[in-house]
Amino acid sequence: MLNKEVSFTPMDVITSVYNYLKPRIWGMILALLFLSVIVVSIAFTSWPTMDQLPQNLEDQSYIEGIGVLIFTEFVIPFEILSIVLLSSLMGAIYMAKGDDNK
Amino acid sequence: MAPILSMIVLIPLIFAALALLTKTKEQARAIALTGTVIVLLLTVYMYFNFDSTIAANQFEELVEWVPSLGITYHLGVDGIAMPLILLNAIVLPLLVLFTWNDDRKSPNKFYALILATEGAVIGVFTALDFFLFYIFWELTLIPLFFMVSIWGGPNKHHASIKFFIYTHVASLVMLLGIFGLYFAAWDMTGTPTLDIPTLISQFQFIESGIAKDLIFLALLFGFIVKIPSFPFHSWLPDAYTEAPTAGSVLFVMLKIGGYGLFKVMLPMLPFTASPNMMISIMAVLGSVSILYGAFLALSQKDLKRMVAYSSVSHMGYVTLGAAGLVSLSVSGAMFQQFSHGLIMSVMFMSCGIINNATGTRIINDLGGLAQKMPKLAVIMVLIFMASLGLPGLSGFIAEVSVLAGSFVNLPVYVMIALLAIVITAAYHLWALQRAMFGVYNERLGTVTDISTYQTFSMGVIAILVLYFGLNPSPVLDMMLTNSEHIISLMAAMGV
Amino acid sequence: MIPIALYLALAAIIFSIGLYGLMTQRSGIRILMCVELMLNAANINLVAFSSYHHDLTGQVFALFSIALAACEAAIGFAILLALYRMKDTISLDHINILRW
Amino acid sequence: MDLMLLAPEITIAVTGLAVLIIGLFLPTGSKKILGYLASLGVLIALALTISSLGTEALVFYDTVSIDALSQFFKIVFLVVALLFTIAGIKYTEGHSNTEEFFTLGLFATIGMMFVASANDLMVLFVAFELASLATYALAGFEKKNAKSLEAAMKYFIIGSLSAALMLLGISYIYGATGTTSIPEVAANAGVLLSSPIGLVSVVLLIAGFGFKIALVPFHMWAPDTYQGSPSVVSALLAAGSKKMGIVAAFKVFIIALIALQAEWQTAFAILAVITMTYGNVVALNQKSVKRMLAYSSLAQAGYITMAFVVLTPIALGGGIFYALSHGFMKAGAFIATAAVTYMVLSENKDSNDPDHIDNFRGLGKRMPITALSMTVFVFALAGIPLTAGYMSKFILFSSTIQAGFVWLAVIAILNSAISLYYYAKVVKYMYFLPTDSEKVSEPFPYTVAMVIAVIFVLAIGFWSEPFVYWAMEAAKVLIPGGM
Amino acid sequence: MAVENYAFLIPLLPALAFVLTFFLGKKLPKGGAIIPIVAITISFVISLLITLNLLANPEEVINQSYSWFAILNIGILVDPLAAVMLTMVSLVSLLIHIYSVGYMSHDKSPSRYFAETALFTASMLGLVLSDNILQLFVCWELVGVCSYLLIGFWYEKPSAATAAKKAFLTTRVGDVMFLAGIIILFSDLFKIFNGTIPDGIYILRFDEIFAHIPDIAAMNANIFGMEVSHITLITLLFFGGAIGKSGQFPLHVWLPDAMEGPTTVSALIHAATMVTAGVYLVARTFPMFIAAPDSLMVVAYVGAFTAIFAATMGIVMNDLKRVLAYSTISQLGYMMLGLGVGAAIGAEAVGISLFHLINHAFFKALLFLCAGSVIHAVGTHDMRQLGGVAKVMPITAATMVAASLALAGIGIPGTSIGTSGFFSKDAIIENAYLFGDTTGAWIPYALSIVAALLTSLYIFRLLFMTFYGKPRTDYGGHESPGSMTVPLSILALFALFFGGLTSKTFNTFVSETFVNNFVNLNIHELASIGGYHLASHGGHHEPMLILWMPLIVALVGFLIAFLIYGLKIVNMDSLVSRNNPIYKLLYNRYYQNAIFTDFFSVKVIYEGFAFAGRAIERGFDWIVNWLSNLTLEAGESLRQFQTGVVQNYATVVITGVSLLVILIKVVMEVI
C-alpha cells in the first residue's frame, strides 16, 4: 500500500472537489444566505450597549451575583430546569435502555 | 302561552333521537309517524291562530343565548315562513306513510334522518337570529348527506360529496355576508346583535356602497345556490337523482334558499348601492334558469333526472318573481315555493314507484304503464299537468302571478321565461307518453299498482294541489300581506 | 475596545456552521453536534450582551441554556441509540418511512 | 402567598413525582393505578385552576403572571392532559414503563402551563424546552416501532433546531433591550423598532414558536411525528403543545413586541394563508387518518394564526377560543384513532398501518360510540354548526371581516370548504362503506376520554357564553381596554 | 226571473258530473252516462232560459264577480254573446253525450270517457261564462287538457298518445301567446292604476279592460325597432292563442290528428267545444280588436288563407274523418274571416262570425256523428273501402246529406230559404266583399270564394264516395241504434233550419253585447283610436253577382264532384297519382309533418337546443370537476414536498427563516 504510486491530475482534484461539493452546495448557499441576513442585520443595528467594558473584572462575571439572581429573580426558571433535567433523565434512560424483558 | 315554535322545531329532533334507538322497522316508522303527526297538529293549530292580515312576526320567542356576541334564541313566523312550515308539516307525515312498507337497511336511521331534516328545515323557517338561522341551515345538510350516501343510487358517493361541498361553500359565502352585516351593525350601534329583523333594518345605514353590495351579493350567492338557480345548479341533478325517493322529497322540502331570498334579500335590496344591477342579476338568473332547466329536462333520458331539471326550471320562477318587486310577483314566487314543494314531492314519489316496480327509470325503456298501474297513472297525469302549469292546479297560480307581476318591471325577462312554457309542456307530455301510455313494454315483467299507503299519501297531496289551485287564498293571503309590506317599505323609502 | 458586532458576527458564523452541518450531514451524531454548536453560538451572544449591558441576566440565561443543551444531548443520543438498535445505522437520510 | 398561586403546577409536579416513585414499586400488572392517580392529579389541578379564575397577580419577582389569559390556557392544557391521562390508562395497559409515560406527560403539561403564565422570556424559554424535551421521549415511546422512533428523531432534530433559532432570537432581543422581562421588552423596544435586527428576531421567534404551532414551513416534522407517535401522544402534541406555541406567540408578539406589529403581522398573514391552504390541500389525499389529522391540524393552526393578523380584541378572543375548541376536537379525534388502532392491533399484531383509513370501514357498526364521537370531532373540525368548531370559526372569521381583511376571510372560508371533503371522507368510510368484520367491544378508558371530549365539543358549541366570555377576558390581557 | 241566480250551475253541474262519474261511473250501468247527461240537460235548460230572458230584456246581463286571489277574480258574465254560446255548447254536447251512450257501449272504460267529456263540457261552459280574461284562460287551458285526455283516450294506441301530445303542444304554443297577451295587458292596467288597485276593482275583468282601451292604445312598445301600440300587440297575441285553439294556419296541424280519439270526441272538439274557443276569444275581446285595425287585418288574412289552405287538402284525403277535420279548419277560417272584416263593419262582425260558428257547430257535429255512425257500423274510415252505405244506413245517409248541404251552403239568396250554412257563410263572404271594398284588400274575398268552391267539392266527393255507388269491399253494416239516430235527426233539423229561422234576429241580438248596460262602448270611438272609420251602413249595395256568387260556386263544386265521383264520367286517375307534384304536395299535406314535427320539434328543439343545453351543462359540470380535480392533484403533488428525510426538513426551516426575513422586508418596503 505504501509503495503504491499516488499521483493526482488536476482533473482528479476538480472531480473530487466537485464530488465533495455536489451534495453540500445547497447547504452552503443556504447557510451563507442565513449568515448574510444575520450579519447584515447586526451590522446595521446600533446596539444600546455601554461604551466600554466595566473596569472591574468582577463586574463582568460575578459568580455571587449570578447565584443571587438564580435564587431570587430567576428562581422559577431554575425550578423548571430541575424538572427538565429530571424528565430528560427519565426520557434518556427510557430510550437508551435495552430490552427489559431480556 | 306554550312555546309552540320551539315545540315544532324540537319535537322532530327529539323523535329523531328516539327513532335512532329503535330496533325494528315497525317501531321506527311508528315513531316517525307520531312525531310528524304531532308537528302537523301543532302547525295546523298555529295556522288557525295566525293572523294573516299583519306582516309582523308572530308566536315570537326570545331568550338570551350568548350575550357577549349578541346571539339570541329568537323564533317567530311571518307570512313568508308559515306556508313553508305548513308544507313541511303536511308532506312529511305523508312521506312516512309513503315509505310505510318499504324494506331497507337500518330503517331506524332512515326515519331518524327524515325527522331530523324536518326539524332543521322548520328551524330555518322560524329562526329570527342569524346564528340560529345558520345553524339550522347547515343542519339541513347533514341528514341529507347521510340520506344520499346510505340509501342512494349507484353513484351516491360522488353525488353526496358534491352536494355537500358545493352547498357548503355557498353557505360559507353566505356566512361571510352575515359577518359583514353583523359587524357593520355592531360598529354603528355599539351593541352586537344577530337578530335578523334588526340587522336587516340596519343595512340601509351602512355607509360604504361597496360593503353593502358585497354583503348583499354574498348572501344572495348563498341563497341562489340553495334554490338552486342557473348556473349554480349542478349539484342538484346528481343529488336529486341519486337520492332515494324519500331523500328527493326531502330535498324538495328544502325551500330555504327562496325563503332567504324573501326574508332577507328583498328588504335589503332597495338599499344596496346599485339596486338595479342586483335586480338584473336576479332576473337574469331566474329567467335563464327557467329556460335552461326546461331545455335540459327535455334532453334527459332518465325520468328522475328530468324531474330534477324541471325543478331547476320551476325554481327559476322564484328568483324571477322575487326580482319582480311587485306584490303580486313576490307573493307568486312565494306561492311557487309552496306549490312546487307539493308537486315535486309527488313527482319524485312517482319516479320512485316506477323505479321500484320496473327496475328502470330510463323513459324509453318504459311504456304503457298506465295499463298496469291505473291509479298511479291518474295521479301522475294530474301532477304532471300541475307541474306544467295547468290552470286549476297550484302551479298555475304561482306561475301566472310571477309572470304577470314581474312583467311590470322586467318585461324582457318574462318574455324569455314564456318561451320555456312550451318546452315545459313538451317534456312533461313526452315523458308521460313514453312512460305511461302506448303499448305496454312486456320486458318490464309483472308490475302491480301502487299500495294503499302510497295511494293515500300521493292522493292527499294531489288533492291539495288541486285545492290550492282553485283556492290559493288560505296561504296566498298571508304571502300577499308580507309582500305588500316589503313593497310598501320600498315605496316609503322612495325606491 | 472590541465592538460588540464582532462577537455577534462570530456567533452568527458559528450558528451558520451549525446550520450547514444540520443540512448536509448524514450521521446523527454529527447532526447532534451541530445542534450543540448552534445553541452555544446563541450563548456567545447572551454572554457578550451581558457584558456590554453590565447586566448578569444574560449570563444566567446562558447557564440555563447550557443545562438545557446538555439535556437535549442526552435525550438526543438516547433516541439515536434506540434507532441504532433497531436499524443498525445512524445515517439519518435512510430513515424515511414516514413521508408524503 | 405566592406559592398558592402556583398550586396547580405544584399539584401536577407532585403527582408526576408520585407516579414515578410509586411506579417503581409496582409490578407491571397493577400499574393501571398510576393512570388513575395521574388523572386524579390533573383533575385536582383543574379544579384548583378553575377555582382561582379571576385572580390576577404578578409573582416571583414579576417572572410569573397569573391572569385571565394564563388561566384560560392552563385550563386548556389541563383538560388535554386529562384526556391524555385517561386515554393513557388503556394505552399503557400491560406496559412495564407506565410511570415514565405518565410522568413525562405530566411534566410536559407543567411546561405548557408555565409558558402560559410566563412573564419573562427566560421562564418562557425554559418552560418551552421542558414541554419539548418531555415529549421527545413520549413520541418515541414505542421503542420497538420504527415509525415511533423515526417520529421522535425528526421531532427532536427539528425541535432542537427551532430551540436554537428561538434562543438566538431571544438573545438579540436581550441585546437590543437589555432585559428579558416581557413588559420591559415592550417598554424598551426602541432599538428593535429602528434596526433590522428587530425583524430578524421576530422571524427567529416565529420560527421557534412556529415549530410548535406547526406553521408552514416550520411544520415539516408535524405530519411525520403525529403519524408515527402513539396516537395518545399525538393528541397531547396536537392539542396541547401546539397551543403552547400559540400562547407563547401571543405573549411575546402582542405584549413584548407590539412595537414591531407591522413586521409580524405581515409575517403571520403570509404564513397563515400558506399554512391553511397547504394543510387542507395536502390532507385531501392522505390514506393515514393520523397523517390526515396532522395536516388538518396545520390548517387549523393557520386559522388561529389569523388572530395575529387581525389583531382586534374579538379576533384575539376568537383565536383563544379556537385554541380551546381545537384542543378538544383534535385530542378527541386522535384518541378515537387510538381506539381504532388498538382495535386493529388487537386483531392483527403485525398490522403495518393500523391507522389506515381502510380500517375505518364500517366503524359505525363495529365501534358505534367511537364512530359517533369521531363523526362529531371531524364535523366540528369542519365547522358544522352546534359544535365548538363552528362557534370558533364564527367568531374568528367574522372578526376578520370586521377588521376589513375580506380577502383573508375568503381564503379561510374556501379552505374550510375544502376541508369538508376529507372530513366527510372519514365519515363515509365509517358509515357508508361495508365491512365483513364484526362488532368489537370498545376500550373503556378511550370511550371515557372521547365522551368527555364530545361533551365539551358540543357544550362549547351550544352553550358558548361562559367560554366566549372567558376567552374575551383573556384577550383583554393582551390588548388592555378590550372592545 | 231568478234564473240568473243559477247561472253558476251551468259549468258547475258538468264539473260535478265529472267527479261523480270518475269515481262512481264504473259501478253504474253504461259507465254512468246518465250523470253527465242529466247534468248537461239542466245546464242546457238554464242556458236556454237565460237566453230567452236576454232576448226579451237585453239589458239583464248577468254579472257576478268574486275575489279569487290577489287582485284577480272569478265571475260569471252572461251577455248575449255568452248566452248564445252557452246554449249551443250545452245542446250539442248533450246530443253528443246521448249519442255516445250507444257509440261507446262496447268500450272497456266508458266511465272514464263520460267523466272526461263532462269535464270537457264544463270547461267550455266555464270559458264562455268567464267575466275576466284570466278565468277565460284557465278554462281555455282546461279545455286543452281535456282534449289531450280525450284524443289520447285509447292511450294504449301509440298513435293516439302521440296525437294527444301533439294537440296539446301545438295549442300550447298559442296558449303561451295568449298568456303573454294577458300578462302585457295586466301590466299595462297595473301601470294605469299606478300599482294601487282599489278594493272591489278587478282589473282583468272585461269591463275594466274595455274601459281602458284608450289608455292601453296610448302605450307603445318598441320591438326590434318597430313602434307597436300595446293594443295591437295584445290583440295579436290573443289572436295567437286563437290560432292555436281554433286550428288556424300555421298551428292547425294538431286538428287532423285529433281524430285518433273516439269519433264522438272529434265531434265534440270540432263542433261544440275547443276549436270554437279561439273564435269566441276574439269575439269576446272584439272591442280591443276594433281599436287595433292591424290586428284585424291579420285576422282576416289568416282566416281567409286557412279557409282555402285546408280546403285544398280536404279534396284529396281518403280518410272520412280527415276530410271532415280539414273541413273544420276551413270553416274556422271563415269564422275568423268574419271577425276580421270587423275593420270594415265594426261590432256586427261578431254576430256574423258567431252565427256561422253556431250553424257550423250543428252541421259539423252532425257530420262527425254520421261518420261515427258509419264507422261504428262498418269498422273502417277509409273512403276507398266504402261506398253505397246509404242502402244499409238510410237515416244516417239522409242526415249526412242534410249536413253536407248545410256545409256547402245551398240556399237562395235574398230569401229565407236555405240551409243554416248558407246564411252564415253567405254573410261572411258578402262582408268580405264589403271589407275589400272599404279597405282595398280584396284577397280575403277572393280566397273565400275559391274556398267555397272547394268546400262544396270535397264534401260532395265524400258523400258520393261513401254513401253512393257500390260497396268496394265486403263490409257488413247495419243501421245504428236509436240512441244514435235520434241525436242525428235532431241535429239535422238544426242544420237545415236553424239558420233560416234565426238569421234576422241573431245578428241584432249578439251585436248588442258591446252596447248594453254592462259594457257600453262607442264602437266608432274605438275605431278612431285605431285611426280609421267604419263603413257606414246601408250606403252600399252589393252587385247581384256578389250575392249569388257563393251559391254558384257551391253548385259548381257539387257538379264537379257529381261528375267525377257520382257518375264517374271523368277519369281522375292521371291526376290522382303520386307522379303529379301538386297531388303529392296536397296528399302529403304540404309536408307539414316533415316541417313541423320532424324538422322543427325534433331537429331544432329536441336535438339542437337540447343538445346545446346538454353541452353547456357538461361545461358547468366540467368546471366543477376540474376545480375539484385540480385541488386533489395539487394535494398529490404538494405531498411530495414532504420527503421524509430530516435534513431536508431542516433545510426547509432554514430557507423559510431566511426567505421570510427578505420577503417581509420587501413586502414592507412595497407597502
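By letter and in written order, the chains are A, B, C, D and E; residue numbering begins at 1 in each of them.
Heads up, the rule we're going with is that contacts are C-beta pairs under 8 Å (C-beta built on N, C-alpha and C of every residue); 3 or more make two chains touch, one makes a residue touch a chain.
What you are looking at is a predicted structure, and each value in this text was computed from that prediction instead of being measured.
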Topological distance between chain A and chain C, in contact steps: 1
Contacting chain A as well as chain D are chains C, E
A-E against C-D, pair bridged by the larger set of C-beta contacts: C-D
Could you name the chain whose Cα mean is nearest to the mean of all protein Cα atoms here? B
What is the chain whose Cα centroid lies farthest from the Cα centroid of chain A? E
Take the average of all CA coordinates in chain B, do the same for chain D, and state the distance between these two points in whole angstrom. 42
How far is the middle of chain B from the middle of chain E, if each middle is the mean of its Cα atoms, in Å? 37
Round to the nearest whole Å and give the separation of the Cα centres of chain B and chain C. 65
Where the centres are mean C-alpha positions, what is the separation of chain C from chain E, in Å? 96
For chain B, write out the residues touching at least two other chains, lowest number first. 165
Which chain D residues touch at least two other chains? 122, 125-126, 129, 133, 136-137, 140, 143, 152-154, 157, 161, 165, 175, 178, 196, 199-200, 223-224, 418, 421
For chain C, which residues are shared contacts with two or more other chains? 4, 8, 15, 19, 22-24, 31, 49, 52-53, 57, 60, 64, 68, 71-72, 75, 78-79, 82, 92, 95-99
According to the definition already given, which pairs of chains are in contact? A-C, A-D, A-E, B-D, B-E, C-D, C-E, D-E
Which stretch or stretches of chain C touch chain D in the complex? 4, 8, 11, 15, 18, 22, 28, 31, 35, 38-39, 41-43, 45-46, 48-49, 52-53, 55, 57-58, 60-61, 64-65, 68, 71-72, 75-76, 78-80, 82-83, 86-87, 92, 95-99
As the complex stands, chain D meets chain E at residues 153-154, 157-158, 161-162, 165, 196, 199-200, 203-204, 206-207, 211, 217-218, 220-221, 223-224, 262-263, 266-267, 270-271, 278, 281-286, 418, 421
Please name which positions on chain E make contact with chain A in the complex. 651, 654-655, 657-658, 661-662
The chain B residues in contact with chain D across the complex are 65-69, 71, 131, 134-139, 141-142, 145-146, 149-150, 156-157, 161, 164-165, 168-169, 172-173, 175-176, 178-180, 182-183, 186-187, 214
What part of chain A is in contact with chain C in the complex they form? 23-24, 26-28, 30-32, 34-35, 38-39, 42-43, 47, 49-54, 59-62, 65-66, 69-70, 73-74, 77-78, 81, 84-85, 88-89, 91-96, 98
